[in-house]
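Next up: the structures, one after another.
Here come two complexes built around chain A, the first alongside chain B, the second alongside chain C.
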Partner chain A sequence: MASYRKKMLAVAAAASMSVALAACGGGSDNGSKSPGGSSDSAKGGTLYYYIFAALEHTDPQRTYVGRDITNWSRTVYRSLVTFPISDDAKVSTTPVPDLATDTGQSSNGAKTWKFTVKDGVKWEDGKPITCEDFKYGASRVFATDIITGGPNYIITYLDIPEDPKTHLPIYTGPYQSSPEGKAAFDKAITCDGNTITYNFKKPWADFPLAVASLHMMDPYRADKDQGDKSNYQIFSNGPYKLEGTWDKQKGGTLVRNPNYDPSTDSTDIRKALPDKITFDIGKTAEQITDQMIADSGQDKFAVTERRVPAAYYSQITGDIAKRAVTVTSPYTDYVVPNFKRMTNLQVRQALAASTDDTGWVTAGGGEKAYEESHDIVNPAVKGYQSDLFPAGAGDPEKSKQLLQQAGVQMPYPITFTYPSTATADKQAAALKAGWEKGGFKVTLNGVANQDAYYTDIQKPDQKADVIWAGWGADWPSAITVTAPLFDSRPNLTKNSNGQDYGAYDSDEFNALVDQAQNATDLDQQTQFLQQADQVLAKDVAYIPVDNAIFYFLHGSGVKNYMNTAASNGFPDLGPVGVK
Partner chain B sequence: MFAYTVRRVFVGIIMLIAMSMVTFVLFFASPIDPAQFACGKNCSLEQRAQVRKGLGYDKPVWEQWKNFAVGVAKGRDYPEDKSLRKSAPNLVAHCAAPCLGYSNVNIATVTSEFKTRIPVSFSLAIMAFILWIVGGVGLGVIAALTKGSIIDRGLVGISLIFFAFPTFFVGLFLLKFLAIKWGFFPVPNYISIADGGVWNWMVNLVLPGLTLALFYMAGYVRMSRAFVLESMSEDYLRTARAKGLPGRKILFKHTMRAALTPLVTMAGLDLAGLLGGAIITERVFNYNGLGKLAVDSITVYDLPTIVGLVLLLGSFVIVANIVVDILYAFIDPRVRVG
Partner chain C sequence: MSLPESQLERLETTVPVDVGDPEAVLGKSPTQLAMGRFRRDKLSMAAFVVVAVYSVGAVLAPVMVKLNVIDPLKLNQNLLDPSLGSIPKAKWGGISLAHPLGIVPGTGTDLLSRLWYGVTFSLTIALAASVLAIVIGTVLGIIGGFTGGWTDSVIGRFVDLTLSFPSTLMLLALSATGVALAAKVLPGSGSDPLPNGFYEVLVLGLFGWPPICRLIRGQVLSIREREFIDAAKLLGASRRRLYFKEILPNLWAPVLVSFTLTMPAYISAEAALSYLGVGIHPPTPTLGNILVDSINYSVADFTYFFFPALLIAVIVVSFNLLGDGLRDALDPKADR
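Up next, the complex of A and B:
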């Protein structure tokens, strides 16, 4: 999941090893309980949203954090299609029309997608949103030296020739590109009145899911574009607009957009109840939790993206507990065997058999922090399989038998590398205990320099036998999980393992990924991906250890509070209102 | 004296140049690739190279430093790519001299970022300074005048306790109880005098100022007490008392004057240190000053801001040293020829 920076931030900031800040994609509301949410559709009031760290971007094409994607989707940035509000994860991960009249028409084996932009949809200055605005928005993604940090899948899909020297598309964005590049782009995305057509070089069966999950395909007005200088500009086409400017360190306030026409939208997507939404940046999780517990003044009308710290669990009782919500986040943690060192399948199977998932979760803070995981694919993501890994406390006896069958030295020495924090050290110790019961001799290698963690584990010559990592889907399809993590072809190079940290290299798996990528419909694609995931499980290419749990508090004056798969597990601003 | 001052300023500039060079070298010696850090997910090696070029990190370190130095002297335009500046002039950000660089993280020139941060750190430092000087010196004098009494022991003991507690603990304690739980103060949120008037500016500075002041105050209570007691045992004060001067005059005109002189030097240096930002206090109270900027920029490998901060904070120290050196030269002419 998430850009490299998100991973770094997550690892650096974590009191645990979950990728708490990491970006985007599918979420889950499995087990979500939101007793604070009642049905109250009254408009008015100000909602406060407490955020810890400064947003890196508010530019739609650069936004890549799950929280921000969902917040902007519900308030200022509408897309061709989006996800509706629903407690049901299946419903809230199924795209519905937003600025487009339908969820898109595919042809040419899912290589061509057509959408028609609705009539009457406007920007905040009253000008109509046109097909050209969508085309311009997509073009910005190609300016990878200016529009950095955002999702860029469109670059690899859009039918534009590559420059043999740079191995990048010959089109380099709207700011400077060769005439050939521009012509190729104009051919790849065409506008016919209000109808926009995307031509891809390979099938993109789940394109609407990608459009609904990310803002990379959002419209952008060319006359408002100042490249990097537009990073904190919000030019709205949704029910709210930014009042004044966005202060990176303090946040900003959204007020009603007079040029928003609710008849072009649906209350299944945006109820737009509060008159104002104020984003307040900079408070720590402890400070936010203190204020939420006190529940006075504006805090009554506040929601947050900060999880309740473990030290506060004992205070969340009585009436306060009624304002607490636990929700399965879209983020999954896993460990990978290093295939360059742990070459024997039975040894890897022994490792999986003796993995004490229960101990890991307990050491991490228990059910309010983590749940045991059965698949690297998150439960809310299409392609999830609940029977791939048994989880639980492990089976040491089975592990020993497997090691004996493998004929290896016992105890079998292994080194486990992970980013060291106080909580992570405890979790690693729990894993170590389980593995040692199963016949391994474990050396823990907690990496103190967490900023360098992912750089470290990408090194092809690393000495670790088992490596921790975290991930979450960019959109609710397994194609954004197993393929980027285990397809050796884009990952393994002379200088780096990329995101295939264990250097896993399987022709069988890669072939199934190819079949999935060439699938022309989503069900067919999912079928191939599930088979591919089974290959990974058979080879023990990874062992899932947890799905991170979001444990949030909100103010007593917040109504219709929900955390949905559509909102990546964060507070969903679509239905929310204040007293 | 003029030659001496010029020499010291020249040495200071050399030090700043050396500091900027060392910072550049250390930054690029780090195992972190800032381009990878800035690049999005699924960023291929080719895309990363393009991002590196966009950030200007593709050039040799010495060339980057040279460009930086030219920017300080003459100003610079961003982005670096000349053809891009030509094809899309609306993307260009001009950074006037002395340009300390352009932060792609903050999407602003480093100097403009400093302009918003310096008032916060300065306000905090000044509030803390007033509190600790008034409190520390006042209580120190009271302790000295009541030497051996319960008041004396109590003040010295309490000051030791505050000295022992770490700043983050005191800050969180004050925030949690005085602001959030009991509501005696608003939850601090920096408001400039221009935005909220003097009262709001001051009220919001009390808790963070007090957090810093309690730490410094503890030291100043003990130092003031010691200096006052030392002065009170001097012969000239015995003479003053023998002459029948009133106690108040002896205290304020003779004792305090002599006792507080070393404290003024100490206070000046402490204040200079605080002007560069109080990292923990700014973090606890979410004050966007120079200290918080330092932490944030290091966390996200924001080279231009890191270099700018090193130079700014280094300048504070160097200027303070030069001032002290010059003052010494006035006091002791031997320094001028040394």
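Up next, the complex of A and C:
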């Protein structure tokens, strides 16, 4: 459930190259250039940020889209710890103190975490940020009927007893909860002056990573909370604040926050150079690209989250090319065999062997749109292994041999389900051609109604043999990739396959996930996760097809333009200036 | 049985006629007169030839695919440049001897093959939807116009109701359920052309009949007052006989004209629906889904955009000219 929202968005993005990418977590800046990255920029001016689709939330606890998480981190929502600005992916995915004095102290086998809130940090109305504000922010996550759409890891981690009937915590959020629930929550998160303590029921070795990657642990002022009505409210504690209100269809403008004290912050996290930042919603990728190419008026000072459509690549030459950046994004696309239908291991191996990854990437627009993938875990994420899948154009001969050994009918009929867009249709055609060379007979099932795509593929009785899906790590650890996608226990129920679309069910894999989750040490955890991923590869639980590449243009007046791992590959608002 | 133009002109203008050539005077049915008029209209004849060429092409395409002369699905990704958004490496959209109209960016499939086969699907959809709309429209128009009274009112209000539906919106909103339902009845699913095409035909036809119904009803109102209808009634002809044996044969002119004007409307509708994501999806080609994909490439790969646009424009214009020409020929008194 936690990552459902994020995946839903990720799919559309990867498939259409035009819808907002979601999810959170670390990215990579492999191959990222930062033109003018070293040049100095002065304060002042207005920066424009072009966005295609309306944001679903600006509420910190409900924000789950990678682009928004980092935009808010750099401008209005500070967290206990956060990721710094850096071209080096290692640095920019290592948490640094933000509102807290350090990156947290763990005890009790990573089951208890302690942070101290800095002195002198204030809300936009001048009131100090207290430990109670953090506690209140975390409490909102438990109101799962009102605060929807956001990540809710803490519901499963925080040490609160479960209701035996619903298997949900007895605490149900600040709006309505039983006294026992409230008492249990007060015990799980405690405040001692400026020191906040989190008590978990299982070890959470990478808790600071989760805090830095998401806004679920952000402070929230109880007197500003109107539940769902606060969905588009921005009550800032960062260098900017919202001017007027946020218009869902058009966006909004951030102006300087007079109550922000730069001495409590670091320029490694936010330089806050522009005087104003305007978020402009509603332009298509084609419109944005046309404007960026023309580079006139306010477009000179604009950045965007829209990838340049493949049809425009040939126009990006000369001076325009200097304003173009390619970044490896934290998002991976993959296909899963349906284990209820493709029960024969050799058939699945044949499928993997004949997968034409090169064709998929070429059909998707080539090397500026995608790169071939070897692992469902993105190269930027801890636990990545480059030797799990060979990628390339596939080996049809090997595939045929495997099918013959399996003794199945040839050509072996399969149905491939994917969300249909102009680009995805071409990519599917490329996969189909490869598989058919390898001895399969492929029926393509392109789902036109993308809003319902993930609901469709979660149905346990679905007829697809092979299913497309996309994913981005919530924070840069494989524990937010393979575990939520292939652990059968939380996923498979009578009515839904959850995120385990192929109904993969392996005790060997589940045991390794348990070992990883209970590991108190990050390296040890990564080892277990890598073993678990090898089990998946051995069983062909998935076949990775690409890592999405971000190809962005920006205006000529934008200085210090960077796409960092901290910003999930999107333009990083931390360093950027327009003067 | 055609008549040299000069003679025909004489026939119409000078009475009595030259008796020296009795054949020229005798045996001129209204149809033959109309054909004559049509043939003299050079523009309509040209349009007719174009429509005929498309139709023959549409019929031949599946045969050509079977015989492997054209292959709308074969990938040629080696001809693409992956560093430039996978557009063809060669200039002019990759036009070569093997690919006379170039290749499709991304997949490298042969554009000529895709367009040719696409004409088959587009024309089939337009034809099926037109036939559906005309059958419904004509039958209801005859019944309403002939019966009059209460039945006519009901049908008339039903026409108004259908016209007041936002059909495009309905088509979009119901597409997922509609296609799923169609897929249950028909073999295949998803990207298979059958369920999507079936749904498209059904909706276009079900929302396209009202204008035809109104037109036919108007015609029937005048026909039903004619003597031969009274005669048939007196002879005790059944209602069914009256509708389909007495009235229908007198309606073929407006039906034919409606048909030639509905076809181009549905060919463009197919393209518009592809743009909205309803309809047949690639890899099965239709003129619409090829055009929709090619629009994005109007700058990067103009040839890819040019040919599908040209093909759609030519067939739509031709059908419209043909329709106009037929109307003029069949009903020369009509005021244009």
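Simple rule for what comes next: the second predicted complex is superposed on the first by the 554 of 579 C-alpha atoms of A that agree within 3 Å, B and C clash if a C-alpha of one lies under 4 Å from a C-alpha of the other, contacts with A are read in each partner's own complex, and residues count from 1 in each chain.
We take it that contacts are C-beta pairs under 8 Å (C-beta built on N, C-alpha and C of every residue); 3 or more make two chains touch, one makes a residue touch a chain.
In this text, all values refer to a predicted model and were calculated from it rather than measured experimentally.
When the two structures are aligned on the shared chain, A:Gln226 is found in touch with chain B, with no touch to chain C. Of the two partner chains, chain C is the only one touched by A:Lys426; chain B is not. In the superposed model, A:Pro490 lies in contact with chain B only, and not with chain C. For chain A, the partner touching the most residues, choosing from chain B and chain C, is B. In the superposed model, A:Ala452 makes contact with both chain B and chain C. Of the two partner chains placed by superposition, A:Val255 touches none, neither chain B nor chain C.
In the superposition on chain A, A:Asn152 makes contact with chain B only, while chain C stays out of contact range.
When both complexes are overlaid on chain A, the residue A:Ala54 reaches chain B alone and has no touch with chain C. Once the two complexes are overlaid on the shared chain, A:Val408 sits clear of chain B and of chain C alike. Residue contacts after overlaying the shared chain place A:Ser296 against chain B, while chain C stays out of touching range. Taken together, the two complexes place residues 286, 449, 452 of chain A in contact with chain B and also with chain C. Those residues of chain B that touch chain A in the complex are listed here as 30-33, 36-47, 49-51, 53-54, 79, 81, 83-84, 87-88, 90-91, 93, 104-107, 172, 175-176, 180-181, 183, 187, 284, 286, 288, 296, 299-301.
Looking at the complex, you find that chain A touches chain B at residues 1-6, 8-9, 12, 23, 54, 56, 64, 144-146, 148-153, 155, 166-168, 175-176, 225-229, 231-232, 248-250, 282-284, 286-287, 290-291, 294, 296, 449, 451-452, 455-456, 474, 484, 490, 493, 496, 499.
Within the complex, the chain A residues that touch chain C are 286, 309-315, 358-359, 361-369, 415, 417, 420, 422-423, 425-426, 428-430, 432-433, 443-449, 452, 463.
Only residues 73, 75, 77, 80-87, 104-107, 109, 175-176, 179, 188-192, 277-278, 281-283, 292-293, 296-297, 299-301 of chain C touch chain A when the two sit together in their complex.
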